[in-house]
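The data blocks that follow each hold one structure.
There are two complexes below, and they share subunit A, which is joined by subunit B in the first and by subunit C in the second.
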Partner chain A sequence: MSESIVRYSSRSRARAIKSFLSNLLGHAGAQLGLLCLVFFLVLSAVPNILVGPLETVATATGDFLVPPSSQHLLGTDEVGRDVLNLVVHGARISLTIALLATVISLVVGTTVGITAGYYGGRVDVWLMRLTDFFFVMPSFVLALVITPVVLEVMGRGREILGFRPSLFVILVVIGITSWAFVARIVRSQTLSLKERTFIDRARVVGSSNLSIMVRHILPNLVPQIAANGALVVAGAIYVETSLSFLGLGDPLQPSWGTLLSLAQRAGAASTGAWWYLGAPGLCALAVSLSFVLVGNALDDTFNPRQRVIP
Partner chain B sequence: MPDTSDILSLESLKVHFPIQGGLFDRVLGRSAGAVRAADGVDLNIGRGEIVALVGESGSGKTTVGRVITKLAQPTGGRLLFEGRDMTSAKGFSALRPYRRRVQMIFQDAYQALNPRHTVFDSVAEPLRSLRLVKNHAQLTERVSEALSAAGLNPPGDFFARFPHELSGGQRQRVVIAGALAVKPELIVADEPVSMLDVSIRAQILQVLVDLRAKHNMALLFITHDLPLAWLIADRIAVLYLGRLVEIGSADDITFNPRHPYTVALRNATPQIRSDASRFELPALQGEVPSAARVPKGCRFHPRCPLAFDRCKEEEPPAIEVGPQHMSACWLPTSGAKAGLSTPNLKSADHGSV
Partner chain C sequence: MAGNAQEGRTSRIGNVLIRAAITLSMVATLNFVLFRVIPGDPAALLLGGARMSVSAERIEAQRQNWGLDRPLFPDQILDYLSATLHGDLGYSFKFRGRLVSDLIWERLPATIALVGLAQLIAMLCGVMLGLYAGWRRGGAVDRIAMGASLALYSTPSFWLAMVLVVIFSTALGWFPGYGIYSPGASIGSTDKILDYLRHLALPVAAVALGLIGQYVVVARAAMSDVVTEDYMVTARAKGLTNGQMLMRHAFRNAMLPLVTLITLNLGYVVAGAITVEAVFAWPGIGGLTVEALNARDYPVLQGIFLLLGVSIVAANLLADLAYGILDPRIRQ
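Up next is the complex of A and B:
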């Protein structure tokens, strides 16, 4: 009998997921955004197959600052590296940082938001003060303060979770400065969810507070978290690009922001090397825009029919 | 000395919600008063007894039910379960034994079910959280059993359904199944059929009545509908503005009411009013006053056609007016007949409550 439960249940869920997808894909914006994201995800999944290993000064093959040609589709940089090669490899770094930072931000933000909204009272007051503090904290200042400390403590050469220290700092800084946004949204949703009768029923049938938060409130927050999560990724890409542009990135693991920064220092703007600045810049723009499009479509899909989606 | 044959007793139970005053009040440290949702309720429920709590909307019925199910904390009085004081019991682990024995059915079953949980999950939740089963096979068996008892057959067909895939009656049956899955000794049912189609009300009521017959389960049946209360209950308690005004056997309250408010309620019900009545009263005038401004003296006096001077000053205590029959009105002792012989009362015509 328990097998049949699983079977029925998965069939029913499959049906729900199918109708959800068809609704989501009804948005032109979502189609465009998803297409673009899939493209960049493929780039960052298999960069070596597409453009070979990351070129360095030693392995650079081209001349300096050559405009796009059949040999170098996006031209070369000031030391003769292929810009296409750099941008494709940069996709991996940029997307990984943005996605991991978003995970940190969603986990922290959701936990703080649910706890504050559910318990209310003094817990809420203090957690929201903390949230407001992080909400107004500028990521640039935080990054500038933390980076030297981490570099001093960890040493420049070491890697943390596969990231060189400065990238790790960027990741953490984005996570720290973006969770407050999520926490506020989750809290306000929790405040209205906890007044629903099914929470009363959960109490009467003996569920613990933790189980009410995890099994009753969290699943009903998924739409908001998903829609806002996409916006957080867009913001993370933007912040990552800006922090790296300011020189906080790592030249050995160049992200799009790092490339922009290198291009700037190489005088790409004044020498008319538009390909060098344009390629990473447009990529960063396209990806954050795609996440915004997908986020808005998710919001649209979930909101008007929130109650019918299981 | 609490009567231990009662499963539950409320002793002058009070629930006052403080009113959030304006800035002015707060600066002056002035209290803005309170909503007196329950204002001294005394009620006993025996084992396997069905008691109906009847009153107009806003009279505090839900609040009393929420105190009994520990969803609301009383601000005064006591809640005794089998003679043990449960008034200040708190925390889900401390309440677990109580939850096993006292369950609740809600007015709006759609709201009472998590839209993202399947029927199986909803009915299994109490069994899991109250640790009443040891393994999945046992869980499935208890869930099936409960769904069957609530009239959802074959139970397996409902396991994977979501609330929005069910009819209103089926949803209420799922809520009932969840409550009875733990085999409680008392169920508080807060207007369980008021939002359902008339055609399925009888079936749902039958499920509740069967529970008492089979498992000797006690039931506090909350309703605003006097005939319904008479149909299902052994005893009826009539609530007005947070206080019981009359309590007695279902027959006495319905056919031999003593409190003017109960009489008015009864007269507003065409099915019953054709019966020989003890005394005629004009229909109730005006609205139920707000629980934030409970009238002084007898709280019913502004609407009572029989009110006299004493009613405006002193609150009448509950007085025994027959076997197992209490009424909180000055009339039975001080000149009821005088009030009743007032000619203009007889000529007045009736409307509805």
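Up next is the complex of A and C:
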């Protein structure tokens, strides 16, 4: 951790970034994961160009539950919609929910963790008790009771930021229930960072507490936040898929979990329609596994214990 | 010194108990608040639901009867807490006139059988495989087990359940993919147990497979931490055989983090079981959750949340206390 006292020129910074990237890409898992993520990001960026607009019951193009053929590469569902079309559009919804939920959870977790670690004392005790609650209760269990109630309160009216209300509620609820693990890691890092001399120096120069936290502590936390952020995305995908599967999703903007829920209701498993339930499930598995692999690789790359001293 | 150690232990247990109490009170508060923010008058909802119209006088009388006309804080919340402590969780919306506690009580055995059996299998297979993978780190078993575990770990368990149904029930016809007993099966007790076990096979496999992934990862990490410890080098230098090193030093130390992690895991196990039960129409807590969600049966949902909260907190308490007993370093 001697980087903090080395003054970086732009050239050494470029070299550091390059060595970080080559370290990261040295992991076979990271390569596979990144490749897979790029693939799904492309899918979710331009679904309309790839497979046309989202098919509805009215615009369905095929027969009911047809196995994969040259016309429908992944077969059709119980109302004749093309499964490939549904899955590609589902990528956009699943990924957006997971990524936005992660952003919320990282912001909340980092704020709570830095504040608790930096101020210590009473603030620390109470913030950590709050964190304990969210750490102990799984995000899925909390979301299971909070989501339907919030939906009832808000009503199923207009779209919010391009999301149907139920999806918006799900993403916010996942975000505010899955930050505890980030907060704990950030707090423990902050505890050791705040004892370092550059923090004292900043205080002597007259920086405010807020400025020390944001400008001096936060940048040093980026590695931990990034590595754990990848794991939070995987968790968010899991929770979103499970909630949607239980019927809390929105059939008008189907995520992969909603597709699996529809497949379950149509009896896809007992009629042997493997293409209908296989496609969305494999996608969820692939994306979540990719984030876990990338997260592990980031952790390996950043972990000072395993870094070879030059 | 002895007095000090005793004191330290008491204060640690006290701390653990305080944390559990705070978490429980937050679960109860959340339950209370969530139920109150739902639009609509609880009395009107309970008497007639949204569809039936009930006379205003009857609702007013019932509001007084249930104390709903009194202030939320402190009267109503105290009432709620004391009722909850007495095991009164209110009445279900969907199953008219049924007590929530009765509904949950009826469904509990099916879930306990499913979760217990899956947990047992996952522990036996996952922990053994993980410990072996960590012991022979970088070997063929390690690489295959790690790859498979990461994939299983990222798979939603209900999807695993659906895949199992397609393969073993629909295509091969080995196991039933639905329910708990075959309709019209013979009543003979041996047959009934066999039938039950056959129905249990796929749900248990789905929950257990999801857990095995997790346990392999954790057990492997615990074992690899132990293997690099100095005392392992000492053991090797003393001339212990591999088996002796594994049994006397590595295994016991690696089990330490595993015991707590497996206990702490309860919340995630039950969460996974809820969705798996939905796939198999398994008549447990998960099945009840899905019915309650679809009917927006809030009292039942709150009851389930309370049950999950209490069991998760209890598991945590157990893990904390067990750790204190198992690890002498914490005791002192």
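To be clear about the criterion, the second predicted complex is superposed on the first by the 272 of 310 C-alpha atoms of A that agree within 3 Å, B and C clash if a C-alpha of one lies under 4 Å from a C-alpha of the other, contacts with A are read in each partner's own complex, and residues count from 1 in each chain.
Here is the rule we use: contacts are C-beta pairs under 8 Å (C-beta built on N, C-alpha and C of every residue); 3 or more make two chains touch, one makes a residue touch a chain.
Here the structure is a predicted model, which means the values were calculated and not measured.
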Looking at the overlay, what does A:A234 touch: subunit B (first), subunit C (second), both, or neither? second
Applying the touch criterion given at the start, work out whether A:R196 contacts subunit B, subunit C, both or neither, answering first, second, both or neither. first
Report for A:F133: first if it touches subunit B alone, second if subunit C alone, otherwise both or neither. second
Dominant contact partner of subunit A by residue count, subunit C or subunit B: C
One more residue to check, A:S70. First (subunit B), second (subunit C), both or neither? neither
Contacts from subunit A onto subunit B in the complex sit at residues 1-2, 4-5, 8-9, 11-12, 196-198, 200-209, 211, 215-216, 219-220, 307-308, 310
Of all residues in subunit B, those that touch subunit A in their complex: 66, 69-71, 92-93, 95-96, 99-100, 103-104, 106, 108, 111-118, 120, 125-126, 129-130, 136-137, 140, 144, 156, 159-162, 164, 175, 178-179, 182
Of all residues in subunit A, those that touch subunit C in their complex: 129, 132-133, 136-138, 140-141, 144-146, 148-149, 152-153, 234, 238, 241-242, 245-248, 257, 260, 263-264, 268-272, 274, 277-278, 281, 284-285, 288-289, 292-293
Of all residues in subunit C, those that touch subunit A in their complex: 19, 22-23, 26-27, 30-31, 34-35, 37-39, 150-151, 153-156, 158-159, 162-163, 165-166, 169-171, 177-178, 267-268, 270-271, 274-275, 278-279, 289-290, 293-294, 296, 298, 301-302, 304-305, 308-309, 312-313, 316
